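Chains here go by letter, A, B, C and D, matching the order in which they are written, and residues are numbered from 1 within each.
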Amino acid sequence: MTEIEIGRGKRGRRAYSFDDIAVVPSRRTRDPEEVSVAWQIDAYHFDLPVIGAPMDSVMSPETAIAFGRLGGLPVLDLEGLWTRYEDPAPLLAEIAALGPESATSRMQEIYAEEIKPELISARLKQIRDAGITVAGALSPQRTQEHWKTVVDAGGDLFVIRGTTVSAEHVSGRAEPLNLKRFIYELDVPVIVGGAASYTAALHLMRTGAAGVLVGFGGGAAHTTRLTLGIHAPMASAIADVAAARRDYMDESGGRYVHVIADGGMGRSGEIIKAVACGADAVMLGAALARATEAPGRGYHWGPEAHHQQLPRGERVAVGALGSLEEILLGPGRVADGTTNLIGALKRAMATTGYSDLKEFQRVEVVVAPYQRS
Amino acid sequence: MTEIEIGRGKRGRRAYSFDDIAVVPSRRTRDPEEVSVAWQIDAYHFDLPVIGAPMDSVMSPETAIAFGRLGGLPVLDLEGLWTRYEDPAPLLAEIAALGPESATSRMQEIYAEEIKPELISARLKQIRDAGITVAGALSPQRTQEHWKTVVDAGGDLFVIRGTTVSAEHVSGRAEPLNLKRFIYELDVPVIVGGAASYTAALHLMRTGAAGVLVGFGGGAAHTTRLTLGIHAPMASAIADVAAARRDYMDESGGRYVHVIADGGMGRSGEIIKAVACGADAVMLGAALARATEAPGRGYHWGPEAHHQQLPRGERVAVGALGSLEEILLGPGRVADGTTNLIGALKRAMATTGYSDLKEFQRVEVVVAPYQRS
Amino acid sequence: MTEIEIGRGKRGRRAYSFDDIAVVPSRRTRDPEEVSVAWQIDAYHFDLPVIGAPMDSVMSPETAIAFGRLGGLPVLDLEGLWTRYEDPAPLLAEIAALGPESATSRMQEIYAEEIKPELISARLKQIRDAGITVAGALSPQRTQEHWKTVVDAGGDLFVIRGTTVSAEHVSGRAEPLNLKRFIYELDVPVIVGGAASYTAALHLMRTGAAGVLVGFGGGAAHTTRLTLGIHAPMASAIADVAAARRDYMDESGGRYVHVIADGGMGRSGEIIKAVACGADAVMLGAALARATEAPGRGYHWGPEAHHQQLPRGERVAVGALGSLEEILLGPGRVADGTTNLIGALKRAMATTGYSDLKEFQRVEVVVAPYQRS
Amino acid sequence: MTEIEIGRGKRGRRAYSFDDIAVVPSRRTRDPEEVSVAWQIDAYHFDLPVIGAPMDSVMSPETAIAFGRLGGLPVLDLEGLWTRYEDPAPLLAEIAALGPESATSRMQEIYAEEIKPELISARLKQIRDAGITVAGALSPQRTQEHWKTVVDAGGDLFVIRGTTVSAEHVSGRAEPLNLKRFIYELDVPVIVGGAASYTAALHLMRTGAAGVLVGFGGGAAHTTRLTLGIHAPMASAIADVAAARRDYMDESGGRYVHVIADGGMGRSGEIIKAVACGADAVMLGAALARATEAPGRGYHWGPEAHHQQLPRGERVAVGALGSLEEILLGPGRVADGTTNLIGALKRAMATTGYSDLKEFQRVEVVVAPYQRS
């Protein structure tokens, strides 16, 4: 690992974003129709290696069901509007209508409403009743308070998601969530993150997690680089965590923890690069928020956008480009990587001669930074 | 070959685009009038090292004839409008008049029309009757279906062109094109590509091809980096394939396979850099689509733009800057590298002291990325 | 220290700016509420590691008092409007109303007025009477003339600030300021700079200074890279000077000289990176000029902007975003790193698992240049 | 000298432009008033190390005289309007009034007029009569035809200038200029260039030239990178040629050939970087074309802009910012590096502790690319 001397007193690694790299074709090609993008985590099989991000602009109970039927794994944010309000529709409409100058402060108000356990149960039941894999996300801070509600409601998969989630959280005020014990005692598989480095991910893998979310503020709606100076360029982060997966598999005697890229994949090209760097699956936010069915109504935001003290994200306009099905499976009607995401993934795999996702993680890439014009 | 660690689990080479490099003058200079840019492939001699790209916006039978008379090698797209429609003129006019929002979907409709073998024959005959070298292009998928029509129509050169063409295509559905056997059995020389790496090109050279097209989505009308995450920076790709040419010449006991840069050369500076990196000739699309005679009428697009499921290119406005002759041979009336392409090539060779294209492949270059303002 | 060959006759180091680097999370996290950002220099304790830059657009006696009450260390420019004019308010209003074409020349006129020692005394007394730590800044050229006035007025800390201040100034015309003797004889601690390299900072540390300002023309209002070709990318400069602090501590038997980043920190992310590179505290200009109370009334400028012969800075519009308290302590109402600077610093420290500033200087960083879109 | 592998078949050096580097302060500072920028070449002394570029937009006989009186060395283009037309004033006015679409072609017409030897004599006599050092420039192609006229008119210095001038020009049509014999036989010192590499410059030095112009298409009005793909990043080119100066001094037993940076120095920062890389003096075009007295009347162009076959430059609008004196010596009224060029040079030298130009060639620089916002 080569380190760069920033100055005499500080060194750092060079890290690469999706924009810095590109996949290159090899000597073999293949028919796109014969490529498989199926994904399995624990006992759950999915036709598509795509998780719907637990964000109010992306996943409502209805879009979760639609998304699940198309073959992906939907995750509902259990700290979002759907568990704070009986009927969030008017609020979603209001958010979409806010002017840019008042968006942040009004969202701070809307999200000040408290979470209601009975709504957690009701929302998950609605998804379960539709026959879709049930997955909800909580932040580490609220996992202890609400996890039992989730389990009682029949959650199949449990997601613990924050900008940075560590296996070792230090707090003097309260007993912090002991991830290792929590996951050990829980019956359902847990996906946890974000993690953005080899070490952080390795520690999360040791907690017994079934999957690790890789990312930190890479998403379209984050401003963490400006506000916190923190940034984890995704290509490097995924490649690092993929190495942790390999090393942990060795140290654990064969446990395979899934590496799930989370953030910065607004276009199909970036999904493809995520897998090329080692991801098993991707969690999509903005890319799905562009669906006409998406609850965000052309807008997208994350929990950072309404933090009460330190908002670190914005409500961004993403438009409504086509149906969820067109966005995932095509046919594409525009050529900018925002529709037919899975078709593009299959074609990239075929063009480079690979037939499944695990193989495609070995595809050749080059470092070639470029500027979007 | 130095590799960069993207992250612990992934390495990749640094690759360079035309914008990353520049030619540098040496200690000798020469008169531009005494420089030769002649090019010969197989038995065919051309005054200019330029192939007209098989794209509907660039080459019609008429522009093919005009281009051939100016000294270049025109290639007609045998899967384009000219072999689908008896009279494509109204459709070309319609495409040029489409609004941006409907361009992709209307082109998908227009190109859904089937290819007619009798039109292949008629179009090639028209070019042959004008005394111009006859060359037509097919995709690998359709070569088996139509190649005999092309040969019967008296094709001199055969072009098999796709974004990525490999010597080893895997397909479970049908017998894929066996390039080696096909080329061996065919009487006419074959130019085949795109290839974007040393290995891919070496395998194509071993099929017996007379020339290899170097490129993948580098053209003005492609969006493959956004949609597929695939990108082959042209300076590196050409230099790699030039090394394959040298190594194949050694392994084959002297067979010289031509390296033809294909894509990303919208201005004369890029044509010059392509040769400096090792190209024997260049295939031009957008640069020729700017001619007043070009069938695109100020617009340019490739087959990716009307893919039925996954469009990966756009119809781009390139304008109509001057006659085909002015664009190729001058005199230049603007100073931006879009006219007098050959004059610029000759002057660059003279300024650096080289007298023919093969020598100029050895010119010194520097790596000096810059931003177009 | 790796050097790059610019050409055969010249070599230079690669230097990095804040935009070139980013902080990366580690394996541990922490509660933001349990993080300390306290800072102590000599006998003076501050709740915030922030110095208010001695610039007329940032610090008036009133804002100095307000800023001190919030926990920072205000420094008044003793060569600014407050010591040249009995009542600068009308002039500040006029500057804010100037058109861009006349701003520089009118400011040259306004600042041609001479400095009045009695106003130095009065302004410092006003701050002292409010119970705030008293600190004023002079340029090296005027320190000999006015230092006694400052000391007599009860200055607690003395700041000698210029774009570049060296321990060894050569002048044939007059006896230059002997920093070493001056600081030795002075009773109050001295902060001195800018210094932008290891050697320059080490020499300043040897003069007995309590703190060294790191920077040269990095601020929002400077144009020194365009005008003088001089630039000290901040990340590298701070890391270099932090190494000088460590080496000087060793050579002096334990004297700890504070490293204070000065310039280029308009957003919280940059403050955080400054500490990550080794800064003990930061001197803020533009970031504080955005306060509604700031004397600049939405504009910001430094002494370079009104140089009589060679203006090297401009009056820049920064707007008035919120109260000084909101800017420093939040709550944030925008997500772009301009409000709740200290909240962001605490969160970045918590997210990466550090509990005080000295520890946070060791946080991992990556080199990952990016473009602000 | 580290080389980069562009691809397997091609290597190239990394080269740096002025924008890639910056001067850094050292441990010593100095009074700007005590800095000398005097320059002497052969028997001629100049207060300023600045040559006025032989371009019609910069130097007329009148501005040559004014520029000489301010301390610089003016050079008149002997192939420009002043030697083609008895009264070029109406044509200069017409050029300044041309619309962008017709500028290139109308200039091609205007410059088609032939050169008149009697006007060469008359223009140089006018300068001589004013007591200013007389210097005129010819291209290598026309030097044999006109040099005697120049010498007879009492030229003090002779400039042979082209985009690339080599010591070894190959031509089958006519006997090319033998630079070595020409310079040996001529009584007056010769400045010759452009050269952009160590080898090219070394060969020019061996012809007996007193000075070498360093550059190729770096100027504001060139488009050679787009049109010819040729580019010589100035920082690297100057540093290379400075090394040739040192090596030639050794091989010649002490002959010092002046290195004159030519192109890309539109602002004072770039002049300063040129000297920092090893230049003895600078030849300025656009920077002087901004003077209210400049013949270009707010526009600037070079001979490439009116090439009859292959224009490789444009008429660019530079505005009229202030008098020639303000531009060179100040006082500055704007802060963007376009006025008080010499004041800025002196201050940069003082800030880094150097007292003359030769010393300042050793100043420390860093590599720190940046984007002009």
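To be clear about the criterion, contacts are C-beta pairs under 8 Å (C-beta built on N, C-alpha and C of every residue); 3 or more make two chains touch, one makes a residue touch a chain.
It should be emphasised that the depicted structure is a prediction, and the values quoted were computed from it without experimental measurement.
Visitor: Chain B and chain D share one sequence, so how far apart are they rotationally when you fit their Cα atoms? Give it in degrees, rounded to a multiple of 5.
Guide: To bring chain B onto chain D, one rotates by 90 degrees.
Visitor: List the interface residue numbers of chain A and of chain B, divide the shared ones by all numbers used, and answer same when the ratio is over half, different when under half.
Guide: Chain A vs chain B: different; shared/all numbers falls short of half.
Visitor: Which chain has its C-alpha centroid at the greatest distance from the C-alpha centroid of chain C?
Guide: Checked the centroid distances; the maximum from chain C is B.
Visitor: Distance between chain C and chain D based on Cα centroids, please, to the nearest Å.
Guide: 40
Visitor: Report the inter-chain centroid distance for chain B and chain C in whole angstrom, where each centroid is the mean of the CA atoms.
Guide: 56
Visitor: Which residues of chain C are in contact with two or more other chains?
Guide: Residues 14-16, 236, 371.
Visitor: Which of line, ring, star, complete and other names the graph you get from chains that touch?
Guide: Here the contact pattern is a ring, one closed loop where every chain has two partners.
Visitor: Hey, which chains are touching each other here?
Guide: All chain pairs meeting the touch criterion are A-B, A-C, B-D, C-D.
Visitor: Which part of chain C faces chain D closely enough to touch in the complex?
Guide: For this pair, the touching residues of chain C are 4-10, 12-17, 104-105, 163-173, 195-197, 199-200, 202-203, 216, 223, 225-233, 236, 304-305, 307-314, 371.
Visitor: Give every residue of chain D touching chain C within the complex, in rising order.
Guide: Residues in contact with chain C: 1-2, 14-16, 18, 21-31, 33-34, 198, 235-246, 267-273, 276-278, 330-337, 340, 343-344, 347-348, 351-353, 355, 364-368, 370-371.
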